[in-house]
Amino acid sequence: MSGLVAVSAAALRGSRAAWAFGVLALTWLAAILFADGFDSVSNFRYLVQTASFLGIVAVGQTLVVIMSGIDLSVSGVVALSAVVCAKVASGTGGGATGITAALALSALVGAVNAAGVVWLRVPPMVMTLATGTILAGALLVYTDGSPSSAAVPLLDSLANGRLLGVPWAFVLWLGITAVAGWLLHLSRTGRYAFALGAGESAARASGVPLGATAFTAYVSCALLAGVAGLVLLGFTGTSSLTMGNPYQLLSIASVVLGGTSILGGRGHLLGTVGGALLLTLLTALLTSWNLSEGVRQVVLGVLIIGLLLVYARERRT
Amino acid sequence: MRERITTAARGNTDLLGLLALLLVLLVAYQHYDPSLLSPASVTILSAQFLPLILAAAGQTTVMLLGGIDLSLGAVLGLAMAVFATYDARGAGGVMTAAALALCVAVAAGAVNGTLVAYAGLPPIVVTLAASFLWSGVTLVVLPQPGGHVPAGLVDAYNNGWYGIALPAAALALVLAVWKLLRTTRHGLALYAVGGNEHGAYASGLHTRGVKIGGYALAGAFTGLAGIGLAVQTGSADPTIGTPYTLNSIAASVLGGISFFGGVGRMRGTVLGALVIGLLTNLLLFTGISPFYQLVIQGVILVAALALKTYVTREAAE
Amino acid sequence: MAPLLSVEQVSKSFAGNQVLKEVSFTVGPGEVLALVGENGAGKSTVLSLVTGLLTPDSGRVVHEGAPVPRAWSPHRARAAGIGSVHQELSLNPHQSVAENVFLGAWPSRRGLVRARDLAARARPLLERVGLDIDPRTRAGRLPLGRQQLVELAKALASEPRLLILDEATSALDEEQVGAVFRVVRELRDQGGSVIFVSHRMAELFAVSDRLTVLKDGAVTATRERERTDHDDIVRLMVGRELSDLFPEKGTGTAPEPLLRARDLTVPGACSSVDLDLAPGRVVGLGGLQGQGQREVLRALFGLARHTGRITLEGRPVRLSSPRDAIRHRVAYVPEDRKTEGVHTARSVRDNLALPSLRTLAPGSRLTTVSRTAETRLVAELTERLRIRAASPAQEARRLSGGNQQKVALAKWLPADPRVLLLAEPTRGIDIGTKREIYHLLRRLADEGLAVLVTSGDTMELVGLCDEVAVLYEGRVVDRLAGPALTEERLVRASVMGTATETDTEKDTEKDTEADEPSALLPQQVAQAIDDIDDGDRPEPGSVAHA
Amino acid sequence: NVESDSDTAKSGASASAAAAKDLKVGWSTIYLTPSWMQQTLKMLQADVDKLKSAGKVSTFKTFNANGDTSQQISQIRAMIQQKYDVILVDAGSSTALNPALEQAVAAGITVVAFDSLPTSKKVIRVGTDQKAWGSMMAEWLAGKLDGKGSVIAMNGPAGVAVSEDRWAGAETVFKKYPGIKIVSNVHSEYNLAPAAQSFASAYSAHPDIDGVFSQGGALSAAALQTLIKQDKKLVPITGENYNGFLKLWKSKQKEGFSSIATAQPNYLSVIALEAAVAKVEGVSVPQDITVPLPEITDDNLSEYVQTDQPDDSYPINDMPQSEIDKLIGK
């Protein structure tokens, strides 16, 4: 763990991920000073709790983006895992079986994504889009259209409970970030992922196991989307087929706002944490102002572009 | 003569498969709808497909430059909204409304292009953020479905005008313009920048200008798609554009446009869009359960792309 | 006479690293100036200031009597009559040769560019640079050397008065170099100027009027060609005498081969190639450009699909992917450095460590990579191959070409390879480093490695290899070893595509003292080619290149 | 034979005595994934089965546009080409389908829209009054607050007619009460987690609100859940027959939580189908059928809430046939 901290500190110094945190701190400060309600502890707590749902998905997305992929099926997987877990848990299975089944299926989807990208050579964007579509259909068939509700105590306390005043969901997110950070920044597989993201031909010619790396990234991403689905199930107590939709593009936005290059091969997982928090904070800020929805979206778009201009530009030559 | 045919065929090998697929679909379609080749059917179908084809043409233009446009759906909605609301005010006839809508779309494209060219931000990121921006603007222009398009025009578009399928004519016109454009310096520059940006820059090309021009052209195609959709539906709807983003990408990729830029032809994209359009229609005719329709769509997309990659890889070796 | 171009006191730094220090030189009309210097001396950088790719921090560039405007750019430079071939290829692989030749300035009639017109106009330009290809071919389908000539044609298309050739001959074989020289002399005779950069000393002396030497970003000297020689320039460049460019060859009889390839065939590139690679031996693959040398190497590294039997230490092996090859301790330094050799966007450190991750993180793929061991490894390799980087964290693309090449080779050394495959290992490498690499390769061979090298540089093959197999249209047409390995015989076999047994005696006689390569090689070669030309010479390079 | 020629079907319909026989019915819906749609489909299917055994309907097909209005247009055109007799539609856009639907009408097809309605005057439209929905909720809330207080408004996605209409209805009511202040107007997908997040943001900016106007069940549930989780005062929140909300409401009733809810009844679909069949049979069906909004109050809550059913469902009782007949003018 101390290795991770040291490496992260070194990587963050003067990097774009550090910018994400800088901007986050400034925005938060501005919010506390100039907007109502952002100085309350309960709001803070709620913000990090709800940011965790997005954040967990975004951590997975980072793994895929670093190796120059993209996963548009996360929305489908979030719904898949929640729906399956709820249905199993509310039926005969019970909570533990439900969670296991949900995660196993999520991982399977990740494997399918990777197989399509690696073996069939379908571009990641199209492949994951297609699996997302297939998932939506498959879930309709599976649920026969009526997703269940379920109270799984473990998930309930995971989503809503607190540890020393800190929401468990946030703790879980940070834990996941630490594990994924170790995978990406310390382990051999992580190095392979960066190499693959920086250039496939050179990676192949250096003996990087392309297939295995892609599988690890896609399966981890799908697993994390599955975890997010479970936490959401705990949070809302119910599942629905559309519950993952908001996380598809927002997870990508978080990754990018966190300073990770969308082209792959460059970035830091911690940046994504900052990115997800920043995005959640911005949305919350905009919500707390009484603007029309159109203006709100314009402001959000302009803000994101502005931030990216400040620290996410790709240098040439 | 035969030589010319074989040369033409060789130049289009990548499209032959797609063409064959299209033929198969047409035959199947004919089976369900024997009136397929009647003028009325041609009018109806072309009216239906025109917006997607035009949107895909816009997406293709950007992809040829090595970019991708995730804000396409939003810009399409914006053009549609401007067209129908301006017309609703009765302030100067359809032509002015169309010109205005087109200008707005071109401007939106140029803004995207400027951000990509000057800011050094990856296109996918710029257009993702811009999608918030443009859909926000759309909501400001048109907060809820409405607007107005002259009934005569709607009727002429959807049911033919003195026996002429207007959408088909519009499509032919646009393709002719593209073909012409493709042989101008601007067209060649588009491919040159898409194929090797730095090389083009080092060889003295105004790569930034070319990019902005390309994105603006994409905006024009998208704007036309929006106007087409407005005329088809007789109104505007601020949220109707969204699905066009991903559908246009699917059509372009199916049509052989590379994600890396510089490779592909507009005719491929048109075929790709037709295949997607016909396929969805065919699924309606076959009466497969709606639950399974999504699954089948996804599977077919992946299968078609995988097959295409496989075939072209064999051919390339 | 007023100089056509004068560079006055220019300095340039990248992120605090000063790359040019008050560099000045001039080129007059009708003059060929050679810029000489080690890798990373700043040649390309100073030329980028002239072509508008970069702007100087201080100093100025004066072109045709007037300082270039602030908004100097490649576009303006071209319009002002400066044509250039950059060190890095700038072709669009997906467009036709003709479209590339006129890139950015396509001739059009009433706004439309006609393909036939384009091809017709491209043809004379291509002929001028000695290329006999269909202008409608996609540029990416051409072998590297031909692509480089297309670049030259592209530079000529704008009818430049100043032509800048930054290692424009690095991928060319002798015949192609001859074509470039023809163009250069033509231009000079018409009063134009040329700035010429190359790491092949012989070329420099063959074509330049003056030589300006750069060292560590500063001009150390400018010499008239008549008043200098090879050793003088090398001393100025490297800062010391350079003796024995090539190491001693291996002695004794050939040991038992380590890797045997029989009937090696890569469809469309080479067929029925037999090769024996033995520990301690450096084997070369010779021949004209694109006769299948590259594919043989790629096949042996599992990058090209092939048929045939390959055995390692007598055991048959299947090499169907680089991972297979690496597992059998085969290493490969590719020709295409930027896409296969190194990760240009990653740091030197990451590049060097990549193939050794298995040793840095033994155990499973989830094992943590040891940072200290990595640092040690990187420091060792940087030291051993004298890689010049600002720091190990510098991105590989910020290194000079020669140093990138060193990285591409160095990264394999810790993996303890048994077979080393090198494609054009010294392309774009300065003479000092070349010497280092030759000696390094020989040292590696002496340590028991089997080395296979391809090179377009005949002198290099003759000087370095114990044995050279000459490929012609994908087949081995001759094998030269020992005293039979001479430049003349190599060139002869390359262009004629047959073995030259009949001449053996005469050749050995003549070449007894020709071990030290002569500085005037190209003329010699051209002569040799001319000799052969009298006979009926088959068309070279007609093998399709995948 | 009804199928062979749509023109005869039309003339047959206008001549009084014709009986509906073996009708080919298609339903085009913009979404099929939300639970409400699923429930609607089931209810519709049950009615189809009934009509099938009565020999009135021969086939029934559902088409899912999956959120793509353009695809819905294709679906309608395909149904025209395939000579369907009845087209039911749940429209993805209030305007975009008009030309296609009118073309269907012109081809002699009986077109009935329900739930989310197109603006076309040529089709039969079965719906509830969305403006009335908004004003009903607003009136109740205003009454509950005695005409003064701060209110957060939770609305559906921007740019969608249903959402905008409900809000328009509410707004006219709130205008009448100058004491009521809308401190924040939140738009959200009908999706629990993001809605909860949006509500929490608005709420922490305005923690001293006196009530919440919500125009959708998931939004109400999100708001109420947030108040409960943060242990805050349970101010009145308007609602919908979303079971998750009803359950929460019931469980918090003892703690003084009070609400009102209405419903977009699933039986709209049944009424639509019955209306279509009646129309073919020659009954003069009114062009606009406005189904009264049910009212769920603190008193009759237990008649609706179904504690054993999933949260994501919309409990509603079937409408008696007699009332349906009355509505469709039989």
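Order as written gives the chain letters A, B, C and D; numbering starts at 1 within each chain.
Simple rule for what comes next: contacts are C-beta pairs under 8 Å (C-beta built on N, C-alpha and C of every residue); 3 or more make two chains touch, one makes a residue touch a chain.
Labels paired with UniProt names: A, B = ABC transporter permease; C = Sugar ABC transporter ATP-binding protein.
Since we're looking at a predicted model, the values are computed, not measured.
Trainee: Contact counts by the stated rule: is the higher one at A-B or A-C?
Mentor: When A-C is set beside A-B, the one with more contacts is A-B.
Trainee: Based only on mean CA positions, could you tell me how far chain C sits from chain D in angstrom?
Mentor: 72
Trainee: What's the distance between the Cα centroids of chain A and chain B, rounded to whole Å?
Mentor: Centre-to-centre distance between chain A and chain B: 31 Å.
Trainee: Measuring from the mean C-alpha position of chain B to the mean C-alpha position of chain C, what distance in angstrom results?
Mentor: 44
Trainee: Quick one: which residues in chain D touch 2 or more of the other chains?
Mentor: Within chain D, the residues that touch at least two other chains are 32, 66, 158-159.
Trainee: Which positions in chain C touch two or more other chains at once?
Mentor: Residues 53 of chain C each touch two or more of the other chains.
Trainee: Mark out which residues of chain A touch at least two other chains, giving numbers and ranges.
Mentor: Residues 136, 140, 145, 292-294, 296, 317 of chain A touch two or more partner chains.
Trainee: Among the chains present, which pairs are found to touch?
Mentor: Listed by label, chains in contact pair as A-B, A-C, A-D, B-C, B-D.
Trainee: Please output the residues of chain C touching chain A within their complex, sorted ascending.
Mentor: By the definition above, chain C touches chain A via 53, 301, 303, 321-323, 326, 332, 334, 336, 339-346, 350, 353-355, 357-358, 360-361, 364-369, 371, 397, 411.
Trainee: Please output the residues of chain C touching chain B within their complex, sorted ascending.
Mentor: Per the stated touch rule, the residues are 51, 53, 73-75, 77-79, 84, 86, 88-95, 99, 103-106, 108, 111-115, 154, 158, 267-268, 305, 546.
Trainee: Spell out the residues on chain A that touch chain C in their complex, using ranges where they run on.
Mentor: Answer in residue numbers: 3, 7, 182-183, 186-189, 191-192, 194-195, 198-199, 201-209, 212, 216, 265-266, 317.
Trainee: Please name which positions on chain B make contact with chain C in the complex.
Mentor: Contact set of chain B toward chain C: 180, 183-185, 187-189, 191-192, 194-196, 198-206, 262-263, 316-317.
Trainee: In their shared complex, at which residues does chain A touch chain B?
Mentor: 116, 120-123, 125-127, 129-134, 136-138, 140-141, 145, 249, 252-253, 256, 261-263, 292-302, 304-305, 308-309, 312-317
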